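You will see subunit A twice below: alongside subunit B first, and alongside subunit C after that.
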Partner chain A sequence: MADSIDPSQGFARRVLRDTFARTSARIGLAWITLLLLFAVFAPFLANSHPLLISQGGQLSSPLLAHLSPGDVALLGAFLLGVGLAFVSKLSWIKRIALYVIAVLAISITANLFITPPKLTIYEQYREAQKIERYDWVIRAPIPYSPRDYQRDEGDTGLEQPLAAEQRRHWMGTEANGADLFSRMIHASRIALGIGFVATGIAMFIGVIIGGLMGYFSGWVDMVGMRLVEIFEAVPTLFLLLTFVAFFGRSLYIMMVIIGITSWSGYARYIRAEFLRLRQQEYVQAAIACGLPLRSILFRHMLPNGIAPILVAASFGVASAILAEAVLSFLGLGLVDEPSWGQMLNQAVQSSSFYWWMAFFPGGAIFFTVFAYNLMGEALRDAIDPHTHNGG
Partner chain B sequence: MQSYILRRLLLMIPTLLGITVVVFSVMAAAPGGISAQSLIEGQNLEPAAKRAMEEYYNRRYGLNQPAPVQYLLWLNNISPLGFELNQDNELVDFGFKGSDLGTSFLYGRSVSELLAERVPITVLLNLLSIPIIYLISITIGVYAATHRGKMFDTGTGITMMALWSVPTMLAGVLLIGFFASEQYWRWFPTGGLSERSAQDMPFLPHWSDWGDIAVLFALMAAGVVLFSQLSLRLARRPRVVLMAIIGAALAYWMAVSVAGGFGIGGTVLMMLTLAGVGSAIGVTDFQGLRTFLMGFTGVVVATVLAFGVMQGEFVRGFLFDRLWHLALPLLCLTYTGFAFLAKLTRSSVLENLQADYARTARAKGVGESDVLWQHVFRNSLIPLITVSASLIPSLLAGSVIVESIFSIDGMGKLAVEAVQGRDREMVLSITLISGLLTLVSYILADVLYALVDPRVSYD
Partner chain C sequence: MLLKVEQLSTHLNTRAKRVKAVEDVSFEIDRGETFCLVGESGSGKSITALSIMQLLPADICSHPSGRILFDHRHDDGRIESVDILQQSESSLQTIRGARIAMIFQEPMTSLNPVFTIGEQITEALQLHRPETSLREARERAIDALRQVQIPSPELKVDEFPHRLSGGQRQRAMIAMAMACEPDLLIADEPTTALDVTVQAEILRLMKELQTKTGAGILLITHDFGVVAQMADRLAVMQHGRIVESGPASQLIRQPQHPYTQKLLASLPENLPKADRKSSKSAKVVVEVQNLEVHFPVKKGLFRRTVDHVRAVDGVDLTVKAGQILALVGESGCGKTTLGRAILRLTEPTGGKVMFEGTDITAMQRRHMQSFRRSMQVVFQDPLSSLNPRLTIATALIEPMQAHGIGADKDERIARAEQLLQQVQLTADSLWRYPHQFSGGQRQRIGIARALSVDPTFIVCDEVTSALDVSVQAEILQLLLELRDERDLALLFITHNIGVVEYLSDEMAVMLDGRIVERGKTADVISSPQADYTKKLLAAVPRVKF
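Coming up: the complex of A and B.
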């Protein structure tokens, strides 16, 4: 592997290349990309509102009219991200800054100007189609919204995949009669969102506390380590349960809580790195120059100590997704938002087993966690000097 | 060493206090929090009775006082050294007293009594899991490391990574759905730790007919001998074919025995899957593991045959009943642990195999197996021991899920019920107990670390 190290390339680029040279990491990345596409285009993939209808010569698109500000913001953020990735003139920092500002602007304008109708009647399109009121109609690939419980079809409840002839449910229906595939697609948003945001929060807290502990050592370290120990010794799942049970259920609270309860690992890693780095000459030089603490910690030390954190973050995303799934599974998750864990919960009810409710959502959780773990492992091997020397 | 342990034990106290403070402040800061009103909310009571209940709760737990005072009151209640409370709830007589974990809001029983019932069950589950985890992970990890890059290594590498990623609740739901529900194969009980009737059973299994025992043991012995000999003597190809046929036959029998059937597609898929598993067992070079797994297959086949032949009555006995109930929960609780530890063992052994001292040992003519077991293995144990500390918290978290799925009345299930019912005393006590178990396991790991590695000293 020694010949692959080219000094002209940056460390980050080499690590990324080594990571994704592995098939396993590529498979993981492919799955996450697929999920990302599902999450962004969920309303276009699975929706009860038709994409385009022609009624008496007039065209209209109920789907676009019913897009929520969140849908639009997500779509805008995705397109912008893809666009910016191809603009190679700007530096990384500028691109990220530009991206964050633009995404904020998009979400604010979307929230201000987009007001979908409050009342949604999913059945009207099916009924209108039955009595042939439309000239023609283009529907989404899966013509069911995640919360379309299909009351017009009678009380269907749990139904095997492809059981009914007129309605095509590729993955069957869940307990309330909504299409499972549609719910799965929309739930990928929660899974990805929880993973990224919760890990981001945990990393942020962990880096700050761990960084201060490592940099100052002494009594700050002593107090910080006790704090880390406390958060490590409270069983995370238990603390999460307590938080959610007492604070109510909201996606954002859940993200914050998973973040707050899982920072201790990052703090440990960063502390160990900083304890080592603080003795190095360049850090001593930075201190001697009288640079502010913020600059020493985040501009000089952090870039050199970030590697183990990234590996931990990849595994952390996996465990954040798992944590959300466990909470939803135990009945402490979101109430009406579709979530994989909550769907999995419906698989075994009063000694009956509904295999499709276990296989599809459970499989989705498994593949997502597996994908992040594969990428994390590949990243660890790419960073670890031991494996580089063929050891 | 003793002073080190003592110091660590003393340091546990502030940490434990910190843990309870964190959990307590979460509960106190919650919107609505815990007040006497919230506790009796939803109960249909006369106004007078309501007021009496409120007053009772306020007096008993000091719920009308500010949160820090409530916490101190709770602390005073649980600590063996503190103030006695008199009739009017005033603090009198500082000194030693009995410690009291309080009364559960939810169950109306004393918390310590409830915990005394529930904690041993969770501890039993964990104590049984740990040796299983270590046995499997060391077996697989050491072999994978010594045969690096071979089929077994890559195969188990991917399998372990996949197993590690399987969410516990998915495994639990699938196991309970397929192997414990009426719809498919009712091989295992759906939940609990023992059947009610098992209380009256003798401890060991019983047969009414001595001949049955003879038949059972003869068949089992024959099965073990036959299959282990097949594993040892047969060449790889016939072995794989044999195991694939056995797997496919088993799958066919399973598919046919389900009432609704699976249809042709489902049956073929199942046969292919189990044939794949069978041939995977047959194809491994790891003779010991292969012989064990094939011998196990032999025992299972023999037992099924024996139970078909046996005439007399069979009482499975308390022990067997308990094991039968524990099988699926233990499987759920162990697989993530051994998957993770097997990978760790592999990398640790691999690192030590390339160390200078291993090369020196080889250079002076020590045999490869002696290098492995006498030199390398002992050093590879060190990371396994340090990790054992983090095993306990993850097992405790796992038992929350496993106990909820398999409805085992242990501490994990109690924890879920307690937080859902906003049962403050119970939540705090469980926090205390699980925090204590976790911290003790940390100390144990550090002590073991010093025992295994003479370079480590805490003095």
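Coming up: the complex of A and C.
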């Protein structure tokens, strides 16, 4: 018989520990963490504005001055998250509640009080540096903003990695002449955001509707199933097109629409699981013990039925990233924001193949999807108590 | 000797460890003889059978020692003694199915659902006798079905397995096995999944076929009743070894090895009956009046209700405090549905359930919650009766919390420890997960959970049918103790007459949703009135010589 389990360890903590005991899940987590760091610190990693300049003995930081409210909110949320994870000894629920409130507060204050200059001229720093107006300059590791099209460099366009002699573009440049590496880093924000939020919305709706359908069955199930069928018949692409036409191009609308059109799969999974679980003797015993409905649904049924959902969710995140890529490819994506799909779009133009435009964004999409799948798989095994501790 | 197993060892190698499933097992089977291997689950009896058939996956199993000598009768009538362990896969194929046939426990899954019965029999025939024509093979298939006494074999030969009842399916399996006239038939728990009346028919059929063909039978079972009826000689296995073997009549009457003695003593009919003081109060706890549970059968586009399945059809019962009422019946008779309807886990469609004088049949969910505390249930399957995600502590404490028993968490944990002691488990079991326990232990935890809310009435739904006899004996004794201690009223649902005799004060026999006979257990067993009860009691295999 295996060892007893420490009573002080909660279910979630044990599952997390077991998930990341696996090498494959760690690799997946490492990739996603890297992306997260890229996303949070994007302005500091790739920016045309210098980090610090000394001009006639006076120090200034154009980079900080040009930070947008979004950048600041993201940074604040990240630092707060790290802080709460390590410092606090509050309970999980309290910590999450505190976190959500603090993040909201940060984003509201950032939107109210931070107003970066409307007009940005990226070229001025390079020109000033050329005529040696600065005493010294500290630049970001990649001294190009994603939307710095380098008009000062003359007729730039698609350039191979490290093709130009004076300028160093590690991954080449895209059609308008902007640095590809810089755009890749900034695009990780969209990839992560759309994956998490769209899947989160879909899972939330799907689990609730599917759970009710599976537990109550009867007419609730009938109505729910018709709802699922209706949503499965809605063509996501046309819905997005319509919304783009009415409300303009917005990342948030894209997230919400991908979310509310893809919950039906989760609902079906959860419904099937709940129908099966309802007949399980431990659920019957829980009903016979007179436990409240909340406990039956969320303690006895959901943790036992969540495994297929988590695997589906890892694919869901991947497919949301792909959906965004497809939209961008079709020209329905965001106009000027960098995104991996939009970059892929430029790989083949007028019958020539620009390999760096396919290789780097394609690789990033591939690794991200792969990382989510690895983590989903490890999570599924960790949730199943039969796969560890022997039997 | 038809089959001679000499010092056979079978080891199963998994990635982490090596399991010595069978160690140093020797026995012999002659033509026309029935040899029984008896043992509890995990004793290695099935692995022995699979080793003889060489059906274990070659990459995980190894035979460090031993020989399996089999008299291989070639097609030209020449008989040669071969060691099965040394045979190549191709020569094994001429033995398997043709000379040694096997039937399995679960008739549901051992027939291929996408082929008709006839196709499955003729396939085996044509494989081993390629010269047989299709028409001839079909004739022989019908013959084989006639031999196993399936009614109208000319029609049944073209049926798919799902159209046959469990008993008929097992007959078809036997027909398939016997079609090639094997010299040895290995039957691995052939009747465990069947009702007693069907079991009796199948066993009689196997005996008849044996006298007709002179085949040797290796019968694997855990049921001493079956052994007593079938075996010429038997061997008792424990932990992969044979602890005792000999002629059946002698071994059952005078077991020598302590393990055999313990097994026989654990049979419900051999358990010592404690004199029990009559119940303090004869208060009626549960009274069921004309209870009906009808499930609608819906058909067509508009899901109109065309008919009802009458699972429970007008049942009257009373259970008194301190009394055990056994509800007996074969599978599909509605006994489980009745138990669930009394607890309102299934909604009754008619009649009344009175609990301590209150009608709970039409009670609202909210009011029902407080009655749930007094009515509990223990289920059959120890695998699925506990939530695999929760520790035992949570499983026991949550019901207490829901009903406000115990002031705080510490007090509830103390109570949970007490409960575990009552069901003879140690207190450190609290922090384990269900899969870390054996079936019997899990069943004890299920009982502890039912007791956690201090019920006055418990429905026990086949609580011992998935357990080995020795474990079953412990659980039955535990239930009796708890009953006396707490003056519990128990509704004990079972198909095992031996258990009924040992445990219950009164019994009710159920057939097709109705109760056909009711009365004091001793009276019903000694002088059954209804025809069905008589048939049922006659079919029970008993260990008597």
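To be clear about the criterion, the second predicted complex is superposed on the first by the 315 of 391 C-alpha atoms of A that agree within 3 Å, B and C clash if a C-alpha of one lies under 4 Å from a C-alpha of the other, contacts with A are read in each partner's own complex, and residues count from 1 in each chain.
Quick note on the criterion: a contact is a pair of C-beta atoms (placed from the backbone, for glycine too) under 8 Å apart; a residue touches a chain by one contact, two chains touch by 3 or more.
Everything numeric here is computed off the predicted structure, so don't read it as measured data.
**Q** In the overlay, answer first, second, both or neither for which of subunit B and subunit C A:L59 touches.
**A** Once the two structures are laid over each other on A, A:L59 reaches no partner at all.
**Q** Check the residue A:Q284 against both partner chains and state whether it touches subunit B (first), subunit C (second), both, or neither.
**A** A:Q284 sits against subunit C, while subunit B stays out of touch.
**Q** Which touches a greater number of subunit A residues, subunit B or subunit C?
**A** Ranking subunit B and subunit C by residues of subunit A touched puts B first.
**Q** Return first, second, both or neither, reflecting whether A:P292 touches subunit B, subunit C, both chains, or no partner chain.
**A** Second partner only.
**Q** Look at A:L104 in the shared chain and tell me whether it touches subunit B only, subunit C only, both, or neither; answer first, second, both or neither.
**A** The answer is neither, since A:L104 touches no partner chain.
**Q** Pick one for A:H300: touches subunit B only (first), subunit C only (second), both, or neither.
**A** A:H300 sits against subunit C, while subunit B stays out of touch.
**Q** Which positions of subunit A sit in both the subunit B and the subunit C interface?
**A** Residues common to the subunit A contacts of subunit C and of subunit B are 386, 391, listed in rising order.
**Q** Per the contact definition, I'd like the list of subunit A residues that touch subunit B in the complex.
**A** 24, 226-227, 229-239, 241-243, 245-248, 318, 322, 325-326, 329-332, 341, 344, 347-348, 351-353, 355, 358, 362-363, 365-366, 369-370, 373-374, 377, 386, 391
**Q** Where on subunit B is subunit A touching in the complex?
**A** Result: residues 14-16, 18-19, 22-23, 26-27, 30-31, 33, 158, 161-162, 164-170, 173-174, 176-178, 181-184, 190, 351, 354, 393, 396-397, 400-401, 404-405, 415-416, 419-420, 422, 427, 430-431, 434-435, 438-439, 442 of subunit B touch subunit A.
**Q** Mind listing the subunit C positions that touch subunit A in their complex?
**A** Spelled out, the residues of subunit C in touch with subunit A are 16, 340, 343, 345, 368-373, 375-377, 379-381, 384-391, 393, 395, 398-399, 402-403, 428, 430-433, 435-437, 446, 449-450, 452-453.
**Q** Would you tell me which residues of subunit A are touching subunit C in their complex?
**A** Those residues of subunit A that touch subunit C are 1-2, 4-7, 11, 280-292, 295, 299-300, 303-304, 385-386, 389-391.
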